[in-house]
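Below is one structure, written out as structure tokens, with a few remarks after it.
By letter and in written order, the chains are A, B, C and D; residue numbering begins at 1 in each of them.
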Amino acid sequence: MANTVFSNFPAVKFEGADSANPLAYQYYDAERVVMGKPLGEHLRFAVAYWHSFAMSGSDPFGGATIDRPWMAAGDPIALAKVKADAAFDFFRVLGLPFFCFHDADIAPGGETLKETLGNFHTIVDYLEEKMASSSTKLLWGTANLFSHPRFMAGASTNPDPDVFAWCAATVKHCMDATKQLGGSNYVLWGGREGYETLLNTNMKQELDQMGRFLSLVVDYKHKIGFDGQILIEPKPKEPTAHQYDFDTATVYGFLKKYGLENEVRVNLEANHATLAGHSFEHEIATAGALGILGSLDINRGDALLGWDTDQFPNDLWTMTMSMYHVIKAGGLGKGGCNFDAKVRRQSFTEEDLVAAHVGGVDMCARAFLSAAKLVEEGKYDALLDDRYAGWKTPEAQAMLTGKVSLDEIAAKAESSAINPQPRSGKQEQIENMLARRIYS
Amino acid sequence: MANTVFSNFPAVKFEGADSANPLAYQYYDAERVVMGKPLGEHLRFAVAYWHSFAMSGSDPFGGATIDRPWMAAGDPIALAKVKADAAFDFFRVLGLPFFCFHDADIAPGGETLKETLGNFHTIVDYLEEKMASSSTKLLWGTANLFSHPRFMAGASTNPDPDVFAWCAATVKHCMDATKQLGGSNYVLWGGREGYETLLNTNMKQELDQMGRFLSLVVDYKHKIGFDGQILIEPKPKEPTAHQYDFDTATVYGFLKKYGLENEVRVNLEANHATLAGHSFEHEIATAGALGILGSLDINRGDALLGWDTDQFPNDLWTMTMSMYHVIKAGGLGKGGCNFDAKVRRQSFTEEDLVAAHVGGVDMCARAFLSAAKLVEEGKYDALLDDRYAGWKTPEAQAMLTGKVSLDEIAAKAESSAINPQPRSGKQEQIENMLARRIYS
Amino acid sequence: MANTVFSNFPAVKFEGADSANPLAYQYYDAERVVMGKPLGEHLRFAVAYWHSFAMSGSDPFGGATIDRPWMAAGDPIALAKVKADAAFDFFRVLGLPFFCFHDADIAPGGETLKETLGNFHTIVDYLEEKMASSSTKLLWGTANLFSHPRFMAGASTNPDPDVFAWCAATVKHCMDATKQLGGSNYVLWGGREGYETLLNTNMKQELDQMGRFLSLVVDYKHKIGFDGQILIEPKPKEPTAHQYDFDTATVYGFLKKYGLENEVRVNLEANHATLAGHSFEHEIATAGALGILGSLDINRGDALLGWDTDQFPNDLWTMTMSMYHVIKAGGLGKGGCNFDAKVRRQSFTEEDLVAAHVGGVDMCARAFLSAAKLVEEGKYDALLDDRYAGWKTPEAQAMLTGKVSLDEIAAKAESSAINPQPRSGKQEQIENMLARRIYS
Amino acid sequence: MANTVFSNFPAVKFEGADSANPLAYQYYDAERVVMGKPLGEHLRFAVAYWHSFAMSGSDPFGGATIDRPWMAAGDPIALAKVKADAAFDFFRVLGLPFFCFHDADIAPGGETLKETLGNFHTIVDYLEEKMASSSTKLLWGTANLFSHPRFMAGASTNPDPDVFAWCAATVKHCMDATKQLGGSNYVLWGGREGYETLLNTNMKQELDQMGRFLSLVVDYKHKIGFDGQILIEPKPKEPTAHQYDFDTATVYGFLKKYGLENEVRVNLEANHATLAGHSFEHEIATAGALGILGSLDINRGDALLGWDTDQFPNDLWTMTMSMYHVIKAGGLGKGGCNFDAKVRRQSFTEEDLVAAHVGGVDMCARAFLSAAKLVEEGKYDALLDDRYAGWKTPEAQAMLTGKVSLDEIAAKAESSAINPQPRSGKQEQIENMLARRIYS
């Protein structure tokens, strides 16, 4: 194996909760069987190519702080291979089962569409080679339709149909590559599918363009026999002032409008949830209730900041309740937990990058174990069931299933002089119960 | 006419832009014909019974500051009539064509459901009498399913089916009364239809309860031959931590899920829009694009505060662009502009209440006149059309209407070596153009 | 002892981390010696009279849900005594060392200033009696200068000097009472000391009124020989649109302007911190750095909501780091941890109230124990010290203490061709280290 | 004059409110005398070198969209001169009296401190030459101590004292250059003077470093006889999670702590105000009340977005009230109105840049004219004075000036049985009055 910036890092091992080794897992024991399945198969962790290998540490007020060998001047294809070598070495260090990528993360753009696609396939073939001798698989592929200036006014929602066509060509090849590499999902994030100002925007036209684009993607999936999931990743705003995939509920309405609700699911990100005014748990529970939970992007935001900070998770409560709702929704299926998280720009060393992932993996693993225990114990679920127990009577079911009309319900309510009595919502008692379980 | 606290106020008249009379309209000339219709019929202004006659000026940290005769101790039915007399006298002063009410605004609650409904119908009959000699009609009626403690855990989404039944009975009678009074719409605002904490909530169960409730309402509308619109009023949060009718896009998805998108529209409020992270214009444009624009609640929020301030509007830009999107969506139809706005708690005098409405009416009227001029001039629309002109070619239309597949588009893009070129979005130039028109 | 609504609750006991009793302390062992002092003396927990005994569960959209015997109709003084009996019984149940009150929490207002003050002293005397046979002491007293309509335009900042005088009279008597009851602190929270709109406000005039008022309070403290601390409680907004005591840094500038920085400290509340855009830790660290940390109001906000939710704390990370900064600032001294937290309006039972406090106490106790361990272990502090170690050289100290001028520093930097090299900020490694300690 | 990208633009002229020329001023008549002084001398407009000439249109999710000749490859000094030529040609087009710059905007960095400073002085000399034949002067100079990775952990607050020394050298030379070019002010914006995480921060140490640095700057100002103002520009967060210069009130406390309140004033930016939770008017009024108003950065934020959008202003109400508070504070003195505003990344043409400034200048000019009229008319001020008139009595003045003690005030209040009566705050009536004046 090539010498890389990660060569000196031994593989991170599970050492148990008492380990004092900062680069060991205390909770992530991939083989441990929980709820009938190894922990690793529940969580399906993935490394994000972009944040781990393509990010320079720049921010809107400052330049690059992170410098890796493949960011130097040189032949772009050769450098892309150096990057890929390092990526797979990093996968070795963490021992995680998946990775995710955008086309632009893995291969250099070209002067023309043709050259760009050519570069892309060159590196996709190289990744295929690397994967042959690696245990890390592809969780999902996606196309970067937001960074290049040609997308400044939108990708599929661009006022210029040539940009739509460019996007179609790009996504077609990215889907081909995802299939070629055995990917489990194909993701669309619409970072420019929205508006910077409503003042120059025809919203109906743009929604129809986006609906058509998604239909084309779904049709193509079936045409090539790709058996992964198609996922939309909601985000409310940033980079634009408004993005059409605002949140799970909005995406659901969009899918229903274009008849795609059985074809497409959501890839949910913690920080995108909070930017939309929701908790991560809320978005997962909503997707569960609507039957469109697909996959997770693991990170955290800063509730006091108004932009996507994409930090590594460190809130055990939020993560545990998120995993609880994943379990209640039936698990992640073909989806997984992708670390869409980046080290801070002052954390520019390779050690920072490794440590950040170790901490993130362990936080999720511990959260999942706690959530599984909560479900298995059953006390919390019983408490919830009991709250709604009144709805199990035949009379209540008749109302819920539409067997009685509004005026019939009214008549009965009036004649029987109902007088519903308050019952405690017990929020603090539930919080205490959960605190004892989560923080134990 | 009975002597009321508004008896000393003469009717507010249109006096033109040069009037120095603070209690005259400078812009609201109801008879002025704009775009083929009198201004008054475009805007269909309504006074909100609750904020104007039922509000006491209390806030979470302070008690009542507003004291009206009908708030004193006494026979509740007699006091409700004093309140109604004052209300109709206030309508006389402002000369506006509509009003809106909740059951709880107009009539006192009783000890039992029966007594509550009895009180309600007594006052509805009294209002019917008042309306016979007034030119003010009912824009919409609604039920207050949020203030009483019985609704603390939800109305139709309550874990207790008896509360659902109570709500059904109440709404049945409110719909009857709305029909009796010739109302143009019936509104549902779900202030408790959400959760205070996800921790004790079964979201799927609650959504199904709410979907069923709305279906019952729609069925009953048809049964009694009420020819008004059924409207949902979105709000993201407050009083709860999350409300299911978060925003227009969320409500659209909800309607699609329960098959009600052709039966129900939205009543949009400016301050609810901003609490959801949207501009008022955005919500109107979204409802227009989705075909569910119903009516407007006129007010403004404070962008620096995190709760519903329900202030009277004073931002001419926002209001003009809102009216522009109303016009583009085909107007308000059976809907109207309801002043869901309240005077500050320091503004406790009757004069404050009259003046606030005069300012609000004039702000909307001026905004509508500007928006109409913008549309009639056509320059702004032309600029927008031009931006999307590329989509009018047969090739572009083929992509948009699904006549070509993803791989066909890709093949053509590759073979023809497309290279889309940037075009300015001209945001600042458009803003300058609009500033000159709006502030002229 | 009188029979109260809490009579059936046995005293809550420390039972250790393995206790399955939901109404036992798992961590709060008041006698346990930590860092040389019993845990109880570090934390100095207090029950807030208002949230625990005066709150009805109403919110801006809904009425009272909580009903206690002393909220019924009847002789107000007699009812105030029933309330006081219940309060002291509640203190017995929790076994906490302190309580806090506003004048309006404990005694009914009267028709006149004289009657109001008379009622107040009647109940203060009654509390004095109760305290004689209780182990619970007074952490602080304060005056409610925000609820009554007379304060709607400000308390000391009111445009009407008579309101200023009313406030002076009220605070004088509240300070007397606080001294009489052996209180450790006297607190001022300026809920109306700000503006609802800048449009009708003379800010300089109001700041001068507020500065004068605080000087009067400080002078009176010395005059009567009250040896407690005078504390200001910062809050940025709500109920007003802007409050002058925005946050710790703002209060510091205010104190400096009026020469009171050695006389007055801050009482910091978690939810007020987040409303100001800061973490609780930040506010504590800032007060520590500026030398004005006085006391804490314990609660939590909801980062997704824009108002003061005053929930009971459940975030172990935040609380641990808050306690860490308390320790680094030298502890709370005469201050303490007051539960300025309220049960949700659906949590209307007495059991909810007891449980909420048990959970909150335990969360703080556990957090303090973790923070103390972190400090005693020393590894984290060492890491921080090491980060700034460069400043310990004589050359660096010369720059820091003003011994060299800007041009001298510049000349040396140029001649020695300094070229500072990046060092990792290690945020994720520190977070991992802390996660292992906090969640262990 | 050299041929530049702006050569084809004729000078923008004042043409009056009826002009249909989009590139003419409708309100900005620099020579028009208002309140005894030409409008141009009140407003002292400046072009910001960075946003107008150094910005590429990139954002955190996308690359450069703006391409100017000086951004091409080539000799950096020669390119910097091409940029300067274009800048002065742009000043000619707009006819504005001032510009502002950071060292890094005008000159390329070098490999070493020496080379960097050498480049800087080369271009400063070139600017001096350009200024000799231009009517545009320097409003202020400043140093960019945030973009280069060496500042990633702070500038003067860096844990590494060598970075402090680097900053000292840089600021020394920037102050020299500002003096050489006849600048009216020297500004410090602490974009990295804060923390990304409190977890690795010693706040007290960092505040002391920053206080020392500012003292060095003030001392050096006196040493070289620079007679401009030293200004701090508050911003609460972004790029860091917390910046020490949070807002005006915080800066005031900081200045008081280090004894600099008579030496340093604030440069206030609209978008920084809103990020801190304040209106622009609030920050100006606060600086006026505290006596530290220095200068303005003109732009607007987007209240629905959580980052600094730096858009050109288009809200006439906010700008008018801002100008009102500037006038009430005695005007801008040596300060001015600097367009710290940038075109959107889709607005990449030179025409967009010119038009944006034309619109911004006109918006400010119109706002100032309205504000001046408001002041001259006197009705609004009279209304405010009347609100506080009660404080003019000798008794009230005695309370305000400290001639009576708390207990004396209390005794009098009690004996005279004061009973303050409510007076309307008249917010809506004032808003109506202002709306008629602002939008006329």
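Throughout what follows, a residue touches a chain if its C-beta (ideal position, glycine included) is under 8 Å from a C-beta of that chain, and two chains touch if they have at least 3 such contacts.
Composition by chain, UniProt nomenclature: A, B, C, D = Xylose isomerase.
On a predicted model such as this, the values are computed, not experimentally measured, just so you know.
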Chain pair with more C-beta contacts, A-C versus B-C: A-C
Whole-Å gap between the CA centroids of chain A and chain C: 39
Centre-of-Cα separation between chain D and chain C, whole angstrom: 36
Touching two or more other chains - residues of chain B: 65, 149, 152-153, 196-197, 237, 277-279, 304, 344, 346, 422, 425-427, 431, 434
Touch-based graph of the chains, sorted into line, ring, star, complete or other: complete
Chain A-facing residues of chain C, complex: 17, 22, 26, 65, 274, 277-279, 303-304, 312, 314-317, 343-344, 346-349, 351-352, 355-356, 358-359, 362-363, 366, 422, 424-429, 431-433, 435-436, 439-440
For the chain A and chain D complex, residues of the former touching the latter: 57, 59-65, 146-149, 151-153, 191-192, 196-197, 237-239, 241, 275, 302, 304-308, 344-346
Residues of chain C that touch chain D when the two form their complex: 112-114, 117, 149-150, 152-153, 158-166, 168-169, 171-173, 196-205, 207-209, 212, 215-217, 219-220, 223, 236-237, 242, 246-247, 249-250, 252-254, 256-257, 276-279, 281-282, 285-286, 288-290, 321, 383-384, 387-388, 390-391, 393, 395-396, 399-402, 405-407, 409-410, 412-414, 417-420, 422-423, 425-427, 430-431, 434
